Amino acid sequence: MKANHAVMFRWLIRREVLLAWRRKADLFSALAFYIIIVSLFPLSMDPDSRLLRSIAGGVLWVSALLATMLGFHRMFANDFADGSLDQLILTPQPLVLTVIGKTAAQFLTIGISLILISPLLGLQYGLTPNDTRQLAWSLLLGIPVLILLNAVGAALTLGVHGGGLIAALIVLPLCVPSLVFGAGGNVSLVGAVLAPTLVFAPWAAAAAIRISLG
Amino acid sequence: MGRSGGNTDFPGMKRIMSNWYKFASPPALYPLVNRLIPWFAIPSAILFAAGLYVGFFVAPTDFQQGDVYRVLFIHVPAAWMGMLLYVLMSLYASVGWAYNIRVSSMMASALSITGALFTLISLLTGSLWGKPTWGAWWVWDARMTSTLILFFLYVGFIALQTSIDDPRRADRAGAVIAAVGVVNVPIIYMSVGWWNTLHQGATIRIVQESTIAPTMLAALLIMLAACWLYSVAVVLGRLSCIIAEREHLEIA
Amino acid sequence: MLTATELECVRGNRTVFQELSFSVRPGECLQLTGPNGSGKTSLIRILCGLMEPSHGTVSWKKLDIRHLAEDYRTCITYLGHRHGIKEELTPLENLQIICGLNGTEISRNHAVRALEYMGLANRETAFARFLSEGQRRRIALARLVFNSSEIWLLDEVLTALDRDGMESVQALIDGHLARGGMAVVATHHGLGLSQGRFQRIELAA
Amino acid sequence: MKANHAVMFRWLIRREVLLAWRRKADLFSALAFYIIIVSLFPLSMDPDSRLLRSIAGGVLWVSALLATMLGFHRMFANDFADGSLDQLILTPQPLVLTVIGKTAAQFLTIGISLILISPLLGLQYGLTPNDTRQLAWSLLLGIPVLILLNAVGAALTLGVHGGGLIAALIVLPLCVPSLVFGAGGNVSLVGAVLAPTLVFAPWAAAAAIRISLG
Amino acid sequence: MLTATELECVRGNRTVFQELSFSVRPGECLQLTGPNGSGKTSLIRILCGLMEPSHGTVSWKKLDIRHLAEDYRTCITYLGHRHGIKEELTPLENLQIICGLNGTEISRNHAVRALEYMGLANRETAFARFLSEGQRRRIALARLVFNSSEIWLLDEVLTALDRDGMESVQALIDGHLARGGMAVVATHHGLGLSQGRFQRIELAA
């Protein structure tokens, strides 16, 4: 049996990526959203470069956080609504693996594209190449945390009306540490937050799904 | 598969559990709970009276801040209770989940509201206090900020539980989020502290009188005890309501 | 052998059924009938382990399915009211993915043949979104064509199908039973099965 | 026939409000979400009062946009998924009225509560009473714009054909002017944006719904 | 009289049906049958004006429904595959609201009686979320009990219903025809209607 897990996992990833591709719209709107939010601030305040540079990290991080929020509560909700979540749960694969697969796919699609576009947006704020590099790194380590936490929130609110918002409520406070460290530009601390999240969040999410289908 | 408390998988565990279940069955506890309430309610009322009296009439006026500082007698205990109750809540929730003890989960729900209330009070009194002392209703001081986030954690828990209408599911979901939350609380406090020291400019050190007058200390401690008893009383009250509601639901 | 002992199901605050015990042997089909709201769906979800019975156990080859977990899931195929078909995917993709996810990969032209068998010839590559209700249902059912798992759990399997559709599904179940498989089928329509031993449980409202 | 429109409209409002009430969690969490986001920004940057005051407008507006977006893209999607949108369209009422009714209900529930809470949040950013008043006004005029534009977007994304992409790319940029004016605290300009939106958006949304159901 | 002249329906790039002309007279029931994907749903949606025919017109009392718009909508009642039942509302609320929205308000105890007729006695105030598939379907159908609009357009109306359910629906349609109403019904099951003139259109796949 075990031998098969690899195969199943590959199919899971293929499924998720294919779906993401067919739903380009979501991906693009998340990106567009990110870009607009980030570009808004310079427009809405006096363009004093020192001021801008000092808020750059914060704005980019919070916007990234929000852009991830927008899509991810649908991570399980769609599958729940059309019954394919039942099917995913009934695959011989342990549910944790399924969760990991889905989050990984999310990271590979939205996550990566957010990270890739950030340096460009950094330019708007006159970030030095050095700051930019630091920011990109912190996002690279931080966004997985955001995604994983979102997965837990999404799983807990399955089939709950207004699930998206409630998931956000639950998740946002938990995102504070990575937000603070990331925006503060302390990459290593973000990594320190990532490690335990990687280990525990998938289990929490899996448990949450079981509970929600109870 | 629906049951997620791994413990139920050991042979024999089921029996122990079912005993627990009988032992801690809500209907059995209901009368006991109701009988306990006054034993906490009355003393807390007395202590409140005493504490407020000492705090507002006996304790000397602060030479720096004048009489404003007396808010402290409400503010500080509230803040502490807020933090304490969150930990308690998570504990009850987790136990209720792992061992499938309904009362324990109900206890968690009961605690969440009271905890949130105390945290809110500490926030409000804090900012009431902040206006005269710091000249601003709100200051991004580390302690205040982390209290605010603690409040958000409470809100998340409550929102989740109220939005799920199947009580069993609400309990378990709450347990998950409470567990995740309580693990995060220290990290959050640490991060906020780090952030605050990162931008020294903004930190307002709450000036600590080198020596608190003994009457002040007494008042503070009395108020603390009063808040304790109050929380126990209120939580038990809420618990009995929850039991009544759910059992009634199951009878109907 | 799939055995249910003293199952009890409580939804919300009402007991849907109690004291329900039965067992399904290889080559046997258990048909669940009963008025709307009598608990067919609930029972089937309990049998696949998606729902916890409030009391009682389901066991497979004498072992509680709660402990078997994955080993049990490899043996079952479940189709529910909501047939987990992704509208953004084509029938072909839907079929291959669901099979792959269950560790029983299926080659492209096997998939095509399965879909053809379910009457979706030359629609394999249209998006499921553009298909009719019954056609979507057929995609989900195509899974059964080359399916060798021992237990089939089918809820309202004939819904939205036309005559031929129903017949081909019945033929599939027949074949499955003939191969020594087991099936639990909830339906309001009579199942015109020829083969296999029968068993009917009538759930009361 | 015409006489009935009033009755039907009342039932529509009743329906929407009842649903909103049943989904209290939605409303409540939209608010909490708003508050949390607003409070998160300072955590991600240097909390010195001058800086905060200068970004306050931007932050509150962006958060408001989010709080609306998170909830409102489901505005028609729910009704579409369960088929009740068909029913709404087939009522003797003109579709535009239905759209207006739904958006109005949204404004009366979530919109108003967002506006009411904003001044409080202004305090966190040390806004002067004057700035606060200005902000509240700009939100009062601006949030309807956001809701209406979201309605159009939601209508376009119904059934998630390729329309989703178009919707995102159309609606988000359309939000930018009100965002910029609002965040910049220019109330009259926000009003200038509101007027045409009030007139055209409902028709656009109605048309979009027709298209999506095709 | 409801008349369809030379209807053609093109979905995507395939013509589902063409040259379809018929008319339904008062007291007459038009039954649509045909394999999955033959265009029953499409036809019904065209008849209510939810979809535009790619060619041809539907007219009511000699007037094109496209021009009649609201005046036509007051005359029809449509039930589709997806019965717009709100899960957060109780059956009672669902029923009263849908009636109110159509300008035919209905008193609380009429509503209760309608629901009882559809076999939902003493479930009127449970949230629809907690009801089974068939029970939800019944809420949607309860709308027909006190419904006096001239044209009923029912798609797959018998899906998910148990025997009694089907019978009471058939009784409703009978009564409607007897009152001189018209009905267009798409179904895979035979409609055991006693009353009323009949007409069957068999759509080809």
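The letters A, B, C, D and E name the chains in turn, as written, and every chain counts its residues from 1.
Heads up, the rule we're going with is that a contact is a pair of C-beta atoms (placed from the backbone, for glycine too) under 8 Å apart; a residue touches a chain by one contact, two chains touch by 3 or more.
What you see is a predicted model, and the numbers here were worked out from it, not measured in a lab.
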Distance in touch steps, counted as few as possible, from subunit A out to subunit E: 2
Centroid-based (C-alpha) most distant chain relative to subunit D: C
Remotest chain, subunit A as reference, centres from CA atoms: E
Top chain pair, ranked by how many C-beta pairs fall in contact: A-D
Centroid spacing, where centroids are CA-atom means, of subunit A and subunit D in whole angstrom: 24
Euclidean distance of C-alpha centroids - subunit C vs subunit D, Å: 43
Whole-Å separation of chain centres (CA-atom averages), subunit D against subunit E: 35
Rounded Å distance between subunit A and subunit B, as computed from the means of their C-alpha atoms: 31
Contacts with 2+ other chains: residues of subunit D: 22-23, 25, 29, 32, 36, 43, 46, 81, 160
Multi-chain contact residues (two or more partners), subunit B: 1-2, 152, 155-156, 159, 163, 166, 192, 195
Residues of subunit C whose C-beta touches two or more other chains: 12, 49-52, 81, 88
Interface residues, subunit E side, partner subunit C - complex: 11-12, 34-37, 41, 81, 119, 126, 130-135, 137-138, 156, 159-165, 188
Of all residues in subunit D, those that touch subunit E in their complex: 1, 4, 7-8, 10-12, 14-15, 18-19, 22-23, 79, 81-94, 213-214
Subunit D - residues contacting subunit A, complex: 22-23, 25-27, 29-30, 32-33, 36-37, 40-41, 43-46, 51, 54-55, 57-58, 61-62, 66, 69-71, 74, 81, 157, 160, 162-165, 167-169, 172-173, 175-176, 179-180, 183-184
Interfacial residue positions of subunit A with respect to subunit B in the complex: 89, 152, 156-157, 160-163, 166, 169-170, 172-174, 176-177, 180-181, 184, 186, 189, 193, 200, 204, 207-208, 210-214
Residue numbers on subunit E that touch subunit D, as the complex places them: 48-52, 69-71, 73-74, 76, 78, 80-89, 93, 97-98, 100-103, 105
